[in-house]
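Across the two complexes that follow, subunit A remains constant while its partner is subunit B and subsequently subunit C.
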Partner chain A sequence: MPVIETRQLTKYYGKARGIVDVSLQVEEGEIFGFIGPNGAGKTTTIRLLLGLIFPTRGEARIFGKDAIKDGPEIRRHIGYLPSEVFYYEGMKVIDLLKYAASFYPGDHTKRLHELAEYMELDLHRKIEDLSYGNRKKVGIVQGLLHRPKLVFLDEPTLGLDPLMQRKFFDLIREENARGVTVFFSSHILGEVQRLCQRVGIIKEGQLIEVSDIRTLQQNNYKRIYVAAREIPSGYFDRPGVTNLEAVNGGVRFFYKGDIDAIVARISALDLIDVTIEEPTLEEIFMHYYE
Partner chain B sequence: MNTNIFQFELRMKLKSALTWSIAVVAVSLIYLGLYPSLAQEADLLEQAIRQFPPQFLQAFGMQHFHLDTIMGFYSFVFLFIQVLLAVQASMYGVGLVSVDEAEFTADFLLTRPVTRGQILTSKFLASFVVLTLTNAVVWVSSLAFLELFDAGRGYDQHAVILLLSSIVLFQLFFLTAGAAISLLVKRVRSVTPYALALAFGMYLLGAFSGMLGDVKLELITPFKHFDPNAIIENDAWDPSLVAISIAVILISIAITYWRYLHRDIPAVA
Partner chain C sequence: MNIYLRELRANLKSLIIWSVIIILLVVIAVTKFAAYADNPEMLAILDAYPKALLDALNMHAFNLTTLNGFLGVMFLYYALMGAIAAGLWGSGALAREERNKTIEFALALPITRTRFLTAKALAALTLSALFVLITWMTTLVAIQSYQPDESVYAFLAREMMAMFAIEVIFLAIGLLVASVSKRPKRTGAMVTGVILTLYYVSMIAGLHEKLDFLKYLSPFKYFDAAKLLHEGRVDPVYWALTAGIVVCSLVGAYWAFHRRDIFV
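Here is the complex of A and B:
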């Protein structure tokens, strides 16, 4: 049984498009990446699954139960980290976290302190005095302290410094190793690639691809820049090479195909510089529109 | 009803309850405390006040302004207290759920394992308890100051009890109507303008209705339903007017629950 299952899930805000006919499945224990540019419908999808907004049509099931009708029961096992974090300003961090914990049966004090210590969060400061990054940490702790079985992360790394990002990813991996399912929404392909096993790509409200992260990478273009003492003309005229252009004393092109073959070809040159990069999200989308 | 939310909302409002209570006590003390000295000049003052246009007197609840006992004066003070209570209850009503959306804490609350009905009921009850605290302060301070400052002339205790008993419904009117309005408009970004418009709008409807000659409009305002002058004069509530107040409260509660249970919570824009 999938942990999340949507069928033709659709949301219009009046006439404005939210998402259209999104059908997807997230299996238990996986980290599912949900990527798309801003405004594509990532947040709308998450808010529908959390019961914050109501679908125009279609349905969503979580743990096999109806996301709206059984919402309160489902949410007992859900952790949610919103992209923008706003909390009761006048409160101290510890009081807010205790309030959050009070909604779940059992004692969560130990886990609360563990998480706060790990994320280096000062529990006794007032929320209004916290920096954006520190608020984000409060968000992380409140989302995980009750040991949820399913975690929604909406652009979670926004505002976290690189060191904290790494700690946060380690934390998510740890949770995942314990069997927690993670729904990770982001517009940054790199972090999705680092963490996720499968990804769904959403554009203009529609789910245009769901695939294994490896398949996606294999099927995808690399962006290659080569600078060498001499590059014979037509040297890179071969299958898989597109958009070839001369720049800065070298050439730049997209490549799709056997990576070993192109690296062998490049290394035969008298090289000055080489970069092989992941395509940006926009470039991936270009690929899906071909 | 969820005890966590109830306690949390209660704690958030205690400071405000204290502030409003102090305001109510201060108003009662300052005005009623004036009575003993005014009573000595009662005749002169009444003559002076009769010179004002009747519309003016009506607007300030002074058309039956008598100083022979403290009651005539108290009806005027009670109207002042009503205005304070109306603003307080409207603030709580309009802010009941809209504050969470304006400050983006709605997501925090609504992603917990509780139903929207539980959230709303807990918030309603917390606000009602805080309003009742203020109500209790009005009772105690009014009874104490009337006893203290009646200049030995005595006062109509039955009418005072009738006035004080009307506060519960008066507060509920503004609490529930405020909540209903906040859920009927698209989005409340700031509570104060809506709350002040509701409270003073109703006050003005009651104050100037006679002047405009339009009897129908004044029927919806609790300032008319619980008009202190009329209650003191008749020594009774007007049952049909009170029924309108109760009807508005029930309809507002129904609208509030219906709208909130079906509401799309806006995301951070």
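Here is the complex of A and C:
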């Protein structure tokens, strides 16, 4: 049974498009990357799954239960780190975290302190005195202190310095190793690439691709660089070759198609140097957004 | 319980401010009353005022040289202040969380919207009750030096009950407005606007026979101090209207809040 399952999930804000017909499945124990530029519908999707907003049509199920009807019960096992965290300004961090913890059955004091120590969070300051990055840390602790089974991360690294980002990623990997499912929304592909096993790409409210991150890199494009004593002009004008450009003594291009054919073509040249690489997610992504 | 306590704490400052205002108001009023108390000359001066003005301010019905008359006039202010305070507590319960963008955090917790709204409403109700008690105490203390008799205590008790009823009405309306309104920043102003409009309606209602129907429109007219003094009770029609407004507002508020999209 998938942890998250949506069918034709659609949200319009009046006439404005939120998301349209998003159908996806996230399996238990995976880290699912959800990528797309700002305004593509990432946050809308998460809010629908959390029951903060209501679908125009379609349905969402989490842990096999209806995301709206069984929302309160589902949310006991959900951790949510929004892209921007807002808490009651006048409260101390520790009071806020205890307040949040009080809504989840069980005692979470120990975990709360563990996480705070790990994230180097000062528990005795007031929320209003915290910097953006420190608020984010409060968000991380709050999102994880009740040991949720499913975690939503919406642009989680925004505001965290690189050191903290790394600690945070380690923390997420640790949680994931314990079986926690992670829904990771981001427009920064590098971090998705580092962390996720599968990705969904959302564009203008529509899910245009869901695939294994390896498959996405392997089955798609190769980035090829060829340097040779002589490359006749038009030598690489063949189907599957795109973005051909000349660079210091050679050519660089993307290739999609029969790898044997292109290698044969390359080897017929009097070669100096060759590299065949997988493209970065960034490059794949740009392709989807062309 | 946590939501309720948090809401109380968040509004503590506002309750203190309202209390200070009411205390100042009562102190100033009692000081002025000193000039009226048992002073028949004042009655003559008042009689010289235009009748319409006295009607609008509902001063006609009272003998301003007595404590009951004093309390009757004070009720205009008590009712208005109670209405605005309760209206803002009711609407602020939701609007404040939306303005400060904390509502996303609050509703991502494993709670139902019913529980959230109920806790908030009960907190606002508690504040309203406390505000009445503070008003009651302050007034009692202020009038002590004029030797109030039983009838004064009884009249004040009826006024306080009426003030609470008015608070409940506008608290419910405030919740409704906040649940329906798409603009949390304007909610407080909208609620205050509604209250002031109804307050003026209640003043106009007494001016002319043709405007008499307006008395059903404004909750301030339901609990008329003159009637509280002379008849000692509120017409059942008005109780029914009060219950109707409160129930409809609450049903509407819960209905709308359960369908409300939460953005921050």
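Convention: the second predicted complex is superposed on the first by the 221 of 290 C-alpha atoms of A that agree within 3 Å, B and C clash if a C-alpha of one lies under 4 Å from a C-alpha of the other, contacts with A are read in each partner's own complex, and residues count from 1 in each chain.
Heads up, the rule we're going with is that a residue touches a chain if its C-beta (ideal position, glycine included) is under 8 Å from a C-beta of that chain, and two chains touch if they have at least 3 such contacts.
These numbers come from a predicted model, not from an experiment.
*Asks:* Record, for the superposition on subunit A, whether partners subunit B and subunit C clash or fit.
*Replies:* clash
*Asks:* Which of the two partners, first being subunit B and second being subunit C, lies in contact with A:Ser83: first, second, both, or neither?
*Replies:* Touch status of A:Ser83: first partner only.
*Asks:* Going by the contact rule set out at the top, does A:Phe103 touch subunit B (first), subunit C (second), both, or neither?
*Replies:* It touches subunit B and subunit C both.
*Asks:* Go through the superposed model and pick first if A:Gly250 touches only subunit B, second if only subunit C, both, or neither.
*Replies:* A:Gly250 contacts neither subunit B nor subunit C.
*Asks:* Common interface residues of subunit A with subunit B and subunit C?
*Replies:* The overlap between the subunit B and subunit C interfaces on subunit A comprises residues 13, 47, 50-54, 71-76, 78, 80, 82, 84, 86-89, 99-100, 102-104, 142.
*Asks:* Along subunit C, where are the residues that touch subunit A in the complex?
*Replies:* 2, 6, 10, 100-102, 104-105, 107-112, 259, 261-264
*Asks:* Mind listing the subunit A positions that touch subunit B in their complex?
*Replies:* Touch list, subunit A to subunit B: 13, 43-44, 47, 50-54, 71-76, 78, 80, 82-84, 86-89, 99-100, 102-104, 142.
*Asks:* Going by the contact rule at the top, pick out the subunit A residues touching subunit C in the complex.
*Replies:* My answer: residues 13, 47, 50-54, 71-76, 78, 80, 82, 84-90, 99-100, 102-104, 142.
*Asks:* Inside the complex, what are the residues of subunit B that reach subunit A?
*Replies:* 4, 8, 12, 103-108, 110-115, 118, 262, 264-265, 267-268
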